[in-house]
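For reference, the structure discussed in these notes is given below.
Chain nomenclature is as follows: A, B, C, D, E and F, assigned in order of appearance, with residue numbering initiated at 1 for each chain independently.
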Amino acid sequence: MHTAIQVINPNSSRAVTAGIDAALAPLRMAGGPDIRCLTLAEGPPGVVTQLDVQSVAVPLAALADSLSAQSAAYVIACYSDPGLHVLRERLSQPVLGIGECGVLTAMTLGERFGVIAILDASIPRHLRTYAAMGVTGRFAGELAIGLNVQELAEQARTLARMKDIGKRLRDERGADVIVMGCAGMAAYRDELQQSLGIPVVEPTQAAVGMAIARVQLNWHGG
Amino acid sequence: MHTAIQVINPNSSRAVTAGIDAALAPLRMAGGPDIRCLTLAEGPPGVVTQLDVQSVAVPLAALADSLSAQSAAYVIACYSDPGLHVLRERLSQPVLGIGECGVLTAMTLGERFGVIAILDASIPRHLRTYAAMGVTGRFAGELAIGLNVQELAEQARTLARMKDIGKRLRDERGADVIVMGCAGMAAYRDELQQSLGIPVVEPTQAAVGMAIARVQLNWHGG
Amino acid sequence: MHTAIQVINPNSSRAVTAGIDAALAPLRMAGGPDIRCLTLAEGPPGVVTQLDVQSVAVPLAALADSLSAQSAAYVIACYSDPGLHVLRERLSQPVLGIGECGVLTAMTLGERFGVIAILDASIPRHLRTYAAMGVTGRFAGELAIGLNVQELAEQARTLARMKDIGKRLRDERGADVIVMGCAGMAAYRDELQQSLGIPVVEPTQAAVGMAIARVQLNWHGG
Amino acid sequence: MHTAIQVINPNSSRAVTAGIDAALAPLRMAGGPDIRCLTLAEGPPGVVTQLDVQSVAVPLAALADSLSAQSAAYVIACYSDPGLHVLRERLSQPVLGIGECGVLTAMTLGERFGVIAILDASIPRHLRTYAAMGVTGRFAGELAIGLNVQELAEQARTLARMKDIGKRLRDERGADVIVMGCAGMAAYRDELQQSLGIPVVEPTQAAVGMAIARVQLNWHGG
Amino acid sequence: MHTAIQVINPNSSRAVTAGIDAALAPLRMAGGPDIRCLTLAEGPPGVVTQLDVQSVAVPLAALADSLSAQSAAYVIACYSDPGLHVLRERLSQPVLGIGECGVLTAMTLGERFGVIAILDASIPRHLRTYAAMGVTGRFAGELAIGLNVQELAEQARTLARMKDIGKRLRDERGADVIVMGCAGMAAYRDELQQSLGIPVVEPTQAAVGMAIARVQLNWHGG
Amino acid sequence: MHTAIQVINPNSSRAVTAGIDAALAPLRMAGGPDIRCLTLAEGPPGVVTQLDVQSVAVPLAALADSLSAQSAAYVIACYSDPGLHVLRERLSQPVLGIGECGVLTAMTLGERFGVIAILDASIPRHLRTYAAMGVTGRFAGELAIGLNVQELAEQARTLARMKDIGKRLRDERGADVIVMGCAGMAAYRDELQQSLGIPVVEPTQAAVGMAIARVQLNWHGG
């Protein structure tokens, strides 16, 4: 049966996948689709460079192909949406990227979205994506917390940085809604939103939410 | 308990509300939120003119206010999204418009969306909305089937017109995804998509799908 | 005879209407159209919330309809242009909004316009309007003076705030022309412009000026 | 006294100036500013090439300078707005271009403006201007009637071509308001609008109308 | 010595590489940089699908790395610019993509560029690129000749199709400059331009031309 | 023989022309086109005002015409691109402007370009040009060093100002590539880039580089 939504973390960190899995618990409904979270074994420890983004496309496509018989939809759980258009072109099932869905969801919660990135180096790539999506008219700005993978393990520091960056996006750039520009940080969403006083979008939850409806309605790509 | 999604049809046609209600059946999941469909008694028979759009805001706000204690989210089930920002400003619960969500969903299914309107007179209003949303870079075109309320009751004719207009949007305007620019026509979606060979978005289903996730995640406006 | 321009203040404050009326004196020419200023009795004390904006549409349309036999044109004297498209759709006479005309006039006086709003809460609504008008490429920014109705009565304080906000728009946002984002503040225009050293547009004057030509030329909507 | 609006035709054709002068009669009001129409003796017979547009800037500036003591405002009566920014930079009085004001006025009369040009060769130049103005989001299209100066003298033929081109802009490009992309054709406006059933803007009348208000209000550039 | 420009054809067709090599002869100047044309052995026979585009990034990066000591600049000779940002991020030398440079060059030759694609399936990808580049305001349209690799070998038929598509872009979409949306078709450029009467850009030549200046000036990325 | 690229400095300063000439040395290749640098004797000492920009068009066209038999291409060596479209319309040879080519080149070196202007007064003109080019989506900001012609002779001070302004564009406006918004300052490029750590484009070099390829390929305008 094609009833599972496959949420694929394209980096090889099982801890990140576990975080994603936990964050999706509220979206698992008795009468709704299965939501499975997978780690791309061939992925890099983190998707950081432009090469990381592109290099995961081939193993991601292979994994998605191999799961096709048991999949109702796919969600690519990395804010850079690696392989999004590759999978869309190959598969008849719905394929959603968390970057894309995070931004589109933010567009229902405020007029100008700001994005909290992990590293400065990702921002030019994200700018290209917002422009390719045609939504730069709604973009307020993007700033990075500037922590590496090890530093991200320090939770208090990470949250404090997110609050700082969120405030700057709100006060200096005029953002009235914030997108978390990464997967696996859902645990901070509530406190971050409370601190900022404006809506905060966790993109994996946003994307999986959209995928559920797609599955229930049996919408395929056309 | 705040567990129901209130889907409000702002015109007074109970038949339209019934059609909406039926279309949402697949989105009613055990373990998921209640989905209730309401008719705005004070609404016009159809939301056609600019005055119709604006005049429903006051009774819609009153109805939404009165339901607040039992509502987890609201969906305004009219493609012109009447009262959307009024309700957002007044209520702490999520409020989604089907026009907005129909377009945002289409942006995950194709590069350039085309819209099938009912009447020519609505198109300038919709153009203003797409521009206000900042998504005109993704807009291929909008054309009307040109049928009045009575004519819409002739189902075969209505579907035939939708197919014709959909083909023109696809072939003459370069649309690769279609949005049905109205509520209450979900029954035609599958056949229309099959005929056109490109994805078709039914906007009420799209919006309610997004609302479900918002409720399950307990996301409020910030 | 259809010779009067009806300038309708959609809030119920007769003091605001009186201020508007005084500001239009230079535009009353012996050989030109009558310019009448009206207060919408059913309007709220001030148009502040999104509901205020939408709720005035119905009584505004009724008032405009009732005046039709004696009207050559209408100007809606509120920066949020409430009911603008409602009136345009119903009436054969020209209908102008002061928000729209204030911005268009600013586009002949500088490259990037900044707007002085009264309250922060109005800014997202104005942003949607600039986007809907398709003029965000010329928009430098908008900031609020943050005074309520009572505080606005303190003239020296109001003007001082406008100067401060105008300077920030000029120096921090790069505005080279300023639009006063409200009706009824024409008395401050000259001193504000002198203080800032860049052009300042009073939007009611701008709109009525455009309406006069429309009447003299006998241009109807088509 | 600085009470005259100087409407300068930058081509050397006195017949064109005479046509402009006649078209402005309704805007001459007792109590309003003088409106004088001038021919730039040094101008080319028609402003056709890019060199024509640029070469008139120097004599136009000289003429405007020489008139400064008796001028309250200037209108440059050529759709390509030659010398517009030159004059604005040099003079403290308001300076308006008919291309600019024609388009801005159209933005109050429809959602998407179409332009009737005289010659194909001018269209790329006009496209650059609309983009520089930041209004391409409102632009439906521009098409030329393709008549040279001698052919323009045949009035019935000229009007017939304008009707044809206007219909194509309306039906093929989706224009719901038309701008006449030239000076000196005001005599055709009423019949053209009646034929098309959508508003038609005569740009010299639009610009002079805006200039009158500027003069009455004593607005200078800042 | 770092004096060679490496022009890398990311598909495995040596015939295409040979065509590119021949087309670059006029750009080989005594005193100028070496221009070497390479075939990516690991590439697909043609870059057609989205997976093709992404899958070449890894071997392309490896090849570029291996050549670094002897390279002054790189040109990626495929209109979809595969791996462009990967190489830019890794290498200190200039890296240019032919899609990007073809479009930028067209922007100096006309107001609105049209693109002749090989296959319809590539067009949505190209649309995303133009949007990401921020140049959609200059984009007139893109249409495909619809020939597969074998059919492309029939030269007369290929050229005839290009002429047909070019004429449609010129006449129906308003293009005044054409970009050939593929590598390896330089042999048709002159005849195509002569037939259409508007400039035609061969993108590999355009990109290599820009690379030569970069090398001579010794400009690195910063 | 039509083998020379004519690089025309439209101001009358021979010192500026000499600086340009020196900067182009690396682009003079044994087998490449001649590159000649000319001073427009009729030009103003510096192109500063809007009138300066427009007034040079006529003598520039005359000079270009007179050189036509011996010219393979033209480069207008002033960042405001005076007369660019005049020359393009008159001449069959390629004509490039350094403003245009500087910006297009920057678009291959970063996501958002910042511009260092000489004087504040030029910035509104440049903004219009970026908008007319359709590239404002890539524009980060422009700031002036604010030095007059005499002050520019103090080299250390000029470079120091450029470094300051470049840092502000990088840090406050998010520019990741810088365009020098003037001709004749190539001598500062290397040190400026080293100081800023992001690419710096010298526009005359960029334009002449593009012209060389155009000449070698024998591309005319169509």
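We adopt the following convention: a contact is a pair of C-beta atoms (placed from the backbone, for glycine too) under 8 Å apart; a residue touches a chain by one contact, two chains touch by 3 or more.
Just so it is clear, the model here is predicted, and its values are computed rather than measured.
Trainee: What is the set of chains touching both chain A and chain E?
Mentor: Of all the chains present, those in contact with both chain A and chain E are B, F.
Trainee: Comparing centres built from CA atoms, which chain ends up most distant from chain E?
Mentor: That would be chain C.
Trainee: What is the distance, in whole Å, between the centres of chain D and chain E, each centre taken as the mean of its C-alpha atoms?
Mentor: Centres of chain D and chain E (C-alpha means) sit 43 Å apart.
Trainee: Measuring from the mean C-alpha position of chain E to the mean C-alpha position of chain F, what distance in angstrom results?
Mentor: 26
Trainee: Can you list the chain D residues in contact with two or more other chains?
Mentor: 110, 128, 131, 133-134, 136-137
Trainee: Can you give me every chain pair that touches, using the contact definition above?
Mentor: Touching chain pairs, listed by label, are A-B, A-C, A-E, A-F, B-C, B-D, B-E, C-D, C-F, D-E, D-F, E-F.
Trainee: Which residues of chain B touch chain C in their complex?
Mentor: Those in contact with chain C are residues 49-51, 54-55, 57-58, 61, 83, 85-86, 88-90, 121, 125, 128-129, 131-134.
Trainee: Note which residues of chain A are touching chain F in the complex, please.
Mentor: The touching residues are 124, 127-128, 131, 136, 141.
Trainee: Hey, which residues of chain E end up touching chain D in the complex?
Mentor: 110-112, 137, 174, 176
Trainee: Per the contact definition, I'd like the list of chain E residues that touch chain F in the complex.
Mentor: My answer: residues 26-32, 96, 100-101, 104-105, 107-110, 133-138, 177, 193, 196-200, 202, 205-206, 208-210, 212-214, 216-222.
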